[in-house]
Each structure stands twice: as structure tokens, then as C-alpha cells.
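Shared between the two complexes below is chain A, which has chain B as its partner in the first and chain C in the second.
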Partner chain A sequence: MLFTLINSLTLGMAVFLVAAGLTLIFGIMRILNFAHGAFFMLGAYLTSTMVQDMPGSVWILIGTALVAGVIVGLFGLAVQHFVLSKLDGIDEHFMLIATYAVMLMTVGGIKSVWGLEFHSVDPPPGLDLGVDIFGTFVPSFSLFIICAGGVVFLILDYVIHRSWAGKLAVAIARDNWTTNLMGVNGPLGTKIVVAASFALAGLAGGLLLPNQTLSPALGDTFLLMAFITIVIGGLGNIRGAFVAALIIAVIDGLNTYFLPSFPGVIIYVGMVACLLLWPNGILGESRL
Partner chain B sequence: MLNRRHILLGSAATVGALSVPAVLRAQSGPIRIGLITTLSGPGQVYGQYIKDGAELSVARINSEGGVNGQQIELVVRDDKNSPDSALAAYRELTGSGIKLIAQGTFTANVLATLPLLKDDGVTSLVVGSSALSVTHENFTPNMFRLGYSAPMCFGGYGHLMAERFPEINKWALVRSDVQALADITNYFASGLVKKAEADGRKLELQEPILVPYNGADFRNQISQVSNSGADGLFNCLQGADAISYYKQARSFQLDKRFKLLCDSANELTVAKALGKNMLESTWSWTAWYPQAMKDNPSSDALHKAYTELRNDPYPNWYVGVSHDCIATIAEGIKATQSIEAADLIPAIENLSFQGATGNVTFRKEDHAFAGDLTYIRFGRSDTTETGWEVFETVHMAGAEFLEPATPGQKL
Partner chain C sequence: MSSSVAERHSGREQALTLSQINRVLFVAAAVIIAAMPYLTNSGLLYLVGTTLILAVYSVGWNFLFSWAGLASFGSGGLFCIGAYVSAVALRAGWEQYFLLVIVVATLAGAAVAFLVGFVALRRTSGIFLAILTLSLAELLRHTLMHTRWLGSEDGLPNITRPTVSFIFFELNLKSGPAYYWFICAFAVVMLGICWWLSHGPLGRRLQAVRYDIERASFVGIDVHRNRLLAFVISGAVAACAGAVYAPWAQIVTPELSGMIRSTQPILFTLLGGLHSFWGPVVGAFAFMGIDYATRTLIGIQEIITGGILLGVILVFRGGIVGSWNALLARIFPGRGEQ
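For the complex of A and B:
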């Protein structure tokens, strides 16, 4: 049971890492970014190119994931400039279609550059085996994911709710026009948030790389769970996404423990139950 | 000016032209074979193998002078892994006069076209579709299935493991939660039990542990199977799921906890991805392992051509089977001098030739593949550059593991 709970925490943090960028971009621009999974995958492929078969250490893995995040963030700026900014102010459905098209283009590009074959990158030395916690075997990489998810949440929560930059982003999200009147460069703020959202996707791809198999379908694996997370947590709410990721993961763990013949099914039951109880998400919908 | 003599001459010419075999009428152009496979969306990686194998087969046949002096032209269409698109591609190909089709990857797409083959006079060779219904309740005489029949491949696999490892009496089974993989697991288990019972042994088979398809994390299930107390383990996951599962299982040292590991059908895909972190040793079914078939010129030629094309000396088995699909059509045309289904079907039913994957032959009643089976054992190696090697290969005749033929009826 302890193992199941620790593993649930691992999955929860992995899903949160992917969902963080998704909820950030929704919070400020009301965009449900279908391309998020593709950019998560791009981050993973970029990191694999930098580390080859295995990162030499944990710090190399973190460093290359950060570099991948920056590169994906720059791609995000390009998407903002050429696609999202052109659709500003029109119906949100068009945004969905536009981001879907961006996803197709990104996946196509990844296939062209890296091919269709499966690739694998190993965990760095020290994270490839396990440790004993109260008599329970726990894979070291699980602990790494839990720590990574926790640190990313704390940084995001601080930046959004405590820092000057975060408060500015919240102001832009709530009333862009008035913020502009007060001399704040709204479009620049929007660009920074979009780039940060994409960068988070790339960072998540890099950090989770040794846990997954690289293939052009990698983005789909996490995207659905990330969407469920931000819906349950409250669209655009970073704290909600964190709590929801944990709830989903615990539900999934209990599902495996008590109903092993129906893997992955109870998540959807949990989602329906959460939405019936909290139609706007556990912590409510938010514009950051 | 048109007179009675001209009309008579013209009529005689028309009757003459219509009375010669279809292939002769088409002599002005190449023999056109349609290939419908998955070239986008999930499954694209397998569709690409199928396309490569078919194209290399056509290139080889054409370089050897074609079929009865005629070149072959392959017309490739993408089924986008959707029955609707498969059907649209089929209609486009048949609408342009094509009567020979090779098709794969997935059963749902194949089933979309099966009901039309007979009325359209099309002969179809299928690769990759494992569902029983294709040769049973959805049987049509115009279709032949090559390379892959789940009861034969995995019943034979279970039989081989029970025969080779009589000391393994307790088995754990892990599979993804999809029907095709449930069938494969059941056939493997059935092959194990039948052979053990025939040898007077009783096996303990645990309930399969299910993992989500296209899942992100398998550690709960890996922990469960690690504590199962079984000696033998059959893993039935596919593609990226299988590789992620083995990666996440590494910290649990799964390969040290079991005396015998069997992967269903991922063959060298797993080893190529895991490299030096490959499991110590595992078995897998494959339809084609060219390194163990050096005495087969067709296999050897295809292997060389593929290695040149993709710079990959370890092709997936789909390459070999799709090569043999085209080779089967070509052999059939050679034998009958016709591309018409009425002539070609009996010819293919009676074929037995050495393809790249070994002996190619079909059971007459339901057109199920009845050729050779191949199993390989491979694992980690300190002596190779790749970090892994194939330790042994077993070839078996497949016909004895075929399920009873019930064309047109559910088994």
C-alpha cells in the first residue's frame, strides 16, 4: 500500500509537470492549447539529442531539460507571433482549431527530424535503481520526479502569487486594456507568459524523458491526463492543477490496488464525481 | 468508308482481344498492385515497415525481369489508421482498375474492405491483422492472411516454452487492457497448458495483471508482478508501452526475479531501444529474423536491400511479411498467367514457395497462413557494440498449431 501511494505521488507530480504550462496559458489567454503535448514531446526529443543514451549525472539531466525548455519557449514565442496573436479577440473555438493545427505541424516536424522508431534514454547514474523506505522498495527516479514536481510548483506559486512579475501577469489577464492604459506593455507580458507556458512543457518533457519511451505518440500519453487535471483543478488555476494531479494519481493508485481488472477506468469516474461536486473545478476557475 | 468487311474484321479483333487472358490484355502497362497501409497517425511506424518491405519486393521482382516479362507497379495509399480512410483508399484503387491489393496494419481497417473483395473481383493479401474473425466469421475467399495468426504464433510459443522449460510451473501474465492482446495472452497460456498436460504436468497460471494501454506509468503493476512468486513471466504489451514498462522495471530488477521471461511480439524493437540496459534474457516471437536465415537467398537479399535503404541491420518482421505478400501475388500470377481473382485464388491456395520469412503456404479452407514460426532469445551482452545480442533462434512448422478452420462461422 505504501508503494502504491508513493507511486501515485510520482504519477501525480509527472502529470502536474505537464499540466502546469497548460493551465498557465489558459489562465492568461483562455487558450486550451492542444499543441501542449506535442511541445512536451519536443522537449523530450531535444533533451535526448543533448544527452544521447544517458545523461552523465542528475545535474546534466536537469540542465539539458532547462535548455530544452528554453528552446521550446522560443518555439512558443513563434507560435504566439504567427498564430495566437492573429486570433486574439475572436471565438475560442478557432483557437482550439489553430492549436490543433500547430500540434499536427509539430508532430510532423518531429517525425521528419527524429523518425518514427522508438528510442530510450536511461536515468542518470544514481537514479537507475531504488532505495528502501520503511521496508518498501522505491525507485530512485520516482523520488526525483516527486521532488521535481514539488519544486516546479513552489516556484510557479511564488512567481504567480507573490512576485511583481506574477502580479503584473494577473493584471494583464484580468484587464489587459486598463493595464495598457497604466503604461504596462500588455502584449509583451502576454508573450512572456506564453513562452513560459511552452517552456514548462519542454522542461517537463526533458525531466520525464528517462521514465518514458520516445516515440511520436509520446505527447498523447500525458496530454489527456493533463487536460483532466486542469479541468478538475479549475481551469487556469495553478494550485488547483497541483491538487487535482495528486487526486487523480491517488485515484489511479487505488484503482490499481483495489480494482486491478479495470486499469485507468476509475480516473474518469473520479473526474465526473469531482465535476458534479465542484462544477468550476476544486479550487475554481481562475484567470491566474 | 465503313463497309461490311471492316465491321467483320473489327468484330473479330474485339472477340479475339476479349478471349485472351486478362494479363495479356494489360501487357501494354505494368501489373498494378495497390498497397493500403498506415502511413499517418498511430501505427505509422508499422505502416512504414510494410511500405518498405513491399517496395523492396517490387524492386527485386522488377530487377529480375518482372512477372512473365511484365513489370510491377506499386500504388501506395494511406489508411490513416481509420476504417473509413481504408475504405476510401480501397475504392480509389479499385476504381482505377486495380484488382490486386496488399493491406495491413490493423484488423479494423482490414475488416472495412473485406466484404467488398468478392463482388469487386479483387485478390487481397493481408499483413499484420491478428484477429481470428478475418479467417472465420468475416472470411472471404478473396483474402489470404500472411505471417500472423494469433492462435498459431502464440499457441506455438506457449508449446515451445512448456517443452523447453519443464521446470517452470508457476506463470505470471501481464498484458495491456485491449482485446487483441487479451487473445494473444490466452493463446500463449493455452499452448503452455496443453503441452504441460500432454507431458503429465500441471501448471499454475495466475490471473493476468492488466496495465492501461498507452500508459505513462506501470510501476504499480511491475511491483505486483515482482511479488507474484511466479518463475515464468509472459509480458504482452506493445511498442512504446512495452519499452516504457521494461525501462521502469529495471530498478525492480525484474529479469533477476524470474527464471524465464517471455515478451509477446516486440522482438528486437525492445533491444534496439534499450541498448546496453536490455534485459538479461528474454524470448519473443518474430515472423522474420534474417540473421538466422542466411541459407535463404530471398531473406538475405531483402535484408541487404533494407540495410542499405534504412541503415538498420535489424529490420522489423513486418518488412519480411509485406515483402512476401507481394512475392505471393507475383508467384500466383506466374503460375496462372492471370490477374483475375477466379484464376489467382486457386493458384495461391496451392502455392508453397520460399519467401523471405521462410515457407509461404496457406490452409486451403480459410486461407490462414500455415508456414514457419520463428522464436528468438536475446538479451544484454558485454561483447557487442549494440549492448545486446540474439542468443538463439528456433524455427517450427506452424500448421500443427492452427485453430480448426471454420470459414464463414465464428470459432
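For the complex of A and C:
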């Protein structure tokens, strides 16, 4: 039972790491970014190239993940500059499809650089074994992911809701025009938040890399789960995304426990139920 | 596409109007498609047949999008339902009732679309509807992947192409070309029905709702009911296309319900031309051409496809049909519809 719970919590936090960036870009630009999964994958591939088969230590893994995040963030700036900023104020369906096109191009780029074969990377020494909690064997890498999810949530929540920069970002998201009038560089702020969103995707890719099978289809799985997370939690709401990730963890745990022959099915049922009960998400839609 | 009023005004004086140019192109394309079995090998024939089915499927999706203004990202699920119904029935040996099987599959798709639409359309729209439908299709895919009697992840192979018996004669669809012509007939019938629906009272009502939902309901249009009707029709067309697809591919897998299949009509419609009836058809064949030309370039294929899509969204928002009509209007100014 505890083992199932830890496993589900790992999944929940992994999904939160991906969903965090997704909800951020929705908060600032009202864009549901289909390309997020592809950039998540790009982060994972970049990290795998840097660490080869196995990262030397936990810190090397975190360091390379950060570097991958920065690189993906730069890609995000380019996407924002050439695509997203051109689409301001048009039908939201075009936005969806534009990000879908960016996703196709990114996946294509990954395929042509890294090829189609599967890669896998082992967890770094120190995280490759397990620990014993109340007589249950728990892989220490799962604990690492759970901690990483928690830390990323706390940092994001602090930056958005407590810091000056976060308040500026919220102001831009709520009313770009008035904020510009107050002497804040709105377009620059938007760019920074978009870059941060992409960087989070890259970081998540790097952190979740060990124990994943790296293939060009990796992005889709996580993308859909992240979509579900932010829809359940309330679009653009970082706290909502965290709560929803926990809910997903519980639902997935129940699924594995009671319906092991249909893994991953109940999440969708839960998502549909949540959406019909709370059409704007559990914590409501928010502009950051 | 062709507005008869404009024809009446300019068609009598001018030797060649724009709609006539398009009509000539249309007939030529139809003749080439019908003559395909004599022109190509079986590999390419399979590709063209699949494209025809997907074109019908996309026209059904576009009916929902361009007419009712609702974007479903889960139409692949309904396509998949139709394909599985047809696959199960044909494997059970009901091949002489193939036409009935198609009707049953269509009704199954319509029923599922009704259930989904009845609950979802009142509560959600826009992005939420997109995610909801995407998730439902994914739910179906995961369920199929773990359902033993439907073949789990491997799907159902060895679907026999049927021999359909009517009262007086028998129609043997076992060979490739024979089934291909059956697909052509199917496409003509379905496109005809969709054309009739799009340009009839229902299509008008839906467009009124799309332009201004409040005014439409003010003049007495039941918004929810009409949208639901469009949703059901779109689902029925998708399931019908799926039912015809199963014996053509001779295998069905849970991947039919995947995101790729669901986003296909979106890409076709966008490339071909939004708010145009023939847009998805043109787009489907254009995509087939691009795919076929770049089939050996792994990775580059996606980059090209994505690049073209971006180009369409950023520069040519009217797609191929829109750009073509604009081009014609430019070359022959004052000769046709504006």
C-alpha cells in the first residue's frame, strides 16, 4: 500500500514538474502550449547528451538539468519572438494549432539529431538504490523526484505570490495595457515569463531523465498528463496545478490498487468528472 | 464556394468565370481519382484510398469547426469506434451485411457523440472542450489497449474485405481496385450529404450561432440543440469513415484513437482552407503529397510539416483554397465572386 502510494506520488510530482511550466505560459499569454511536451523532451535529450550513460553524482544531474533548462529557455525566447508574439489577439484555436506546429518541428528536430533509437540513463550513485521506510522498499530516486517537485512548487509559489518580480508578472497578466502605462516593460516581462516556462520544461526533462526510456514519443505521454493536471487545477493557477497533481497521484494509486488490469485509465475518468463538476478547475482559473 | 448569385451576374458576359475554372479543376480531379487503379501501383492506390477516407472524416470535423465553431480534439476516438465495430463484425463473418455494418457503426458513433455532447457542450467550450475530447479519446485508447478480446495493443488483424450481396446481384469487394471504387462511391455519398447539411437550414443556423450567439438565440435558434446536432453529425461521419477504413487497412489498432488521428483533420482543414467546404479535401491530398515526397527523410518530415503549418497560420490564413481564390481574383480581376 505504501509502495503504491510512493509510486503514485512520484508520478504526481513528475507530472507537476511538467505542468508547472505549462500553467505559467497559460497564465501570462493565455496559450495552451502543445509544444511543451516536445521541449520537455528536448531538455531530457540535452541532459542525456551531457551526462552520457550515468550522471557522476546527484549534483551533476541537477547541474546539467539546469543547463538544459537554460538552453531550452533560449529556444523558448526564439519561439516567443518568431511565433507566439505574432499571434496576439487572434482566435484561440489558431494558437493551439500554432503551438502544435512548433511541437511537430521540435520533435522532427529531435528525431533528426538524436535518431529514433531508445536511450536510457541510470540514476546517479546515491540515488540508484532504495531505502527502507516502515518495512517497505522505496527507491531513493522516487524520493528525489518527490522532493524536486516540492522544491520547485515552493520556489514558484514564492516567486509568483511574494516577490516583486512575480507581482509585476501578475500585473502584466491581468492587464497588460495598464501595466505598460505604469512604466513597466510589458513585452519584456512576457518574454521573461515565457522563457521561464520553457526553461521549466527543460529542467523537468533533465530531472526526470533517469529511469525513463528516452524515445521521440516521450513528450506526448507527459504532455497529456500535464494538460489534465492544469485543467483539473484551474488553468494558469500554480497552486491548482500542485493540488491537481496530488489528486492525480491519489487517483492513480487507487487505480493500481483496485484495477491493476487497466493501468492509467481512471485518471481520464477522474479528469472528465472533475471538469464537469468544476468547469473552471478546482481552484479556479487565474491569470498567474 | 460558388455563389450562384455572383454567377448569374457575371457568368453570362464573361467567357470564363472563376467558379467555372474551379469547376473544371474539380471535374479533372474527380476523373483522375476515379481512374487511379489504372494509373498507379497498389501501394500508391492504398495511399490515395486512405486519403479519400480521411478527407471525408475531415469534412465531418470541419462541419463542426467551421460551421458550429466547436473544435473537437477527440474525433479520432469516434473514427476508432467505427473501425472497431466494422472490424469485429467482419471478423465474425457478417460480410454480406457490410452496408448494414457501416450503418450500425455510424449509429454507434452518433450515439457516443450524443452522450459526450449532451453532457460536455453545456458545460464546456473552447480550450476545455478541446482537452475534454482529447482525454476521452485517450481514455478509449487506453481501454482498448488493455481489452483482451479486442486484441489489446496489437489490435485486430486479418480483416477480410467483404462480398456484399444485394437482392439481385453480388458486389465483390475483395480486390484492391474494387474496394477502392467502393471508397470513391462512399466519398461521393458522404460528401454529398455533408454538402447538403452545410448549405441547408442547419448549416445556416449553425453559422448564425457561430457569428453571434446572443442574436442567434434571440431570433429563436436553440443554440445548444443545434450545436449538439452538429456534434452528433460530425461524430457519425467520423465513425462511418472508420467503418469503411477497417477493411481497407485490414487491421485496426488502438492507435486509431491516438492524438495523431485526432489532430489530422485539424491539419488538413487548416492547410486546405478554413471556413471552406472543400478545404479539408484539398488539404488531405496536399498533406498526402508532402508525406509521400518526404517519406524517407526521418525527422525532416515533421520539420517540413510543422513549417508549412506555421506558414499557413502566420501568412496564408485562408489555406490553399483561400490563397487560390485570391490568386485567381488577382489574375482575372472582376471576373467572379469577391
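Quick notes on this one:
Here is the rule we use: the second predicted complex is superposed on the first by the 288 of 288 C-alpha atoms of A that agree within 3 Å, B and C clash if a C-alpha of one lies under 4 Å from a C-alpha of the other, contacts with A are read in each partner's own complex, and residues count from 1 in each chain.
Criterion: contacts are C-beta pairs under 8 Å (C-beta built on N, C-alpha and C of every residue); 3 or more make two chains touch, one makes a residue touch a chain.
What you see is a predicted model; the values in this text were computed from it and never measured.
For the composite obtained by superposing both complexes on chain A, the positions of chain B and chain C are in clash.
In the superposition on chain A, A:248 contacts neither chain B nor chain C. Of the two partner chains placed around the shared chain by superposition, neither chain B nor chain C is touched by A:44.
Applying the stated contact rule after C-alpha superposition, one finds that A:235 touches chain C and leaves chain B untouched.
In the superposition on chain A, A:94 makes contact with chain C only, while chain B stays out of contact range. When the two structures are aligned on the shared chain, A:105 is found in touch with chain C, with no touch to chain B.
Once the two complexes are laid over each other on the shared chain, residue contacts for A:29 go to neither chain B nor chain C. Within the superposed three-chain model, A:137 lies in touch with chain B and out of touch with chain C [touch as defined at top]. By the document's definition of touching, of the two partners only chain B reaches A:7; chain C does not.
Contact with neither chain B nor chain C is seen for A:226 once the two complexes are overlaid on the shared chain.
Only one of the stretches 171-179, 225-233, 333-341 or 387-395 belonging to chain B overlaps chain C in the superposed arrangement, and that stretch is 171-179.
The residues of chain A shared by its contacts with chain B and with chain C are 111, 116, 220, 261-264. Taken together, the chain B residues at the contact with chain A in this complex read 42, 44-45, 48, 177, 209-212, 214-217, 219-221, 223-224, 239-241, 243-244, 247-248, 250-252, 269, 272-277. Partner chain C is touched in their complex by these residues of chain A: 32, 83, 86-87, 92-94, 96-98, 100-113, 115-116, 220, 224, 227-228, 231, 235, 261-265, 268-269, 271-272, 275-276, 279. On chain A, the positions that touch chain B within their shared complex are 3-4, 7, 10-11, 14-15, 53, 111, 116-120, 122, 128-130, 137, 139-142, 210-213, 215-218, 220-222, 225, 253, 256-257, 260-264.
The residues of chain C lying in touch with chain A in their complex are 65, 71, 119-120, 123-124, 126-128, 130-132, 134-136, 138-139, 142-143, 146, 259, 263, 266-267, 270, 298-307, 309-310, 313-314, 317.
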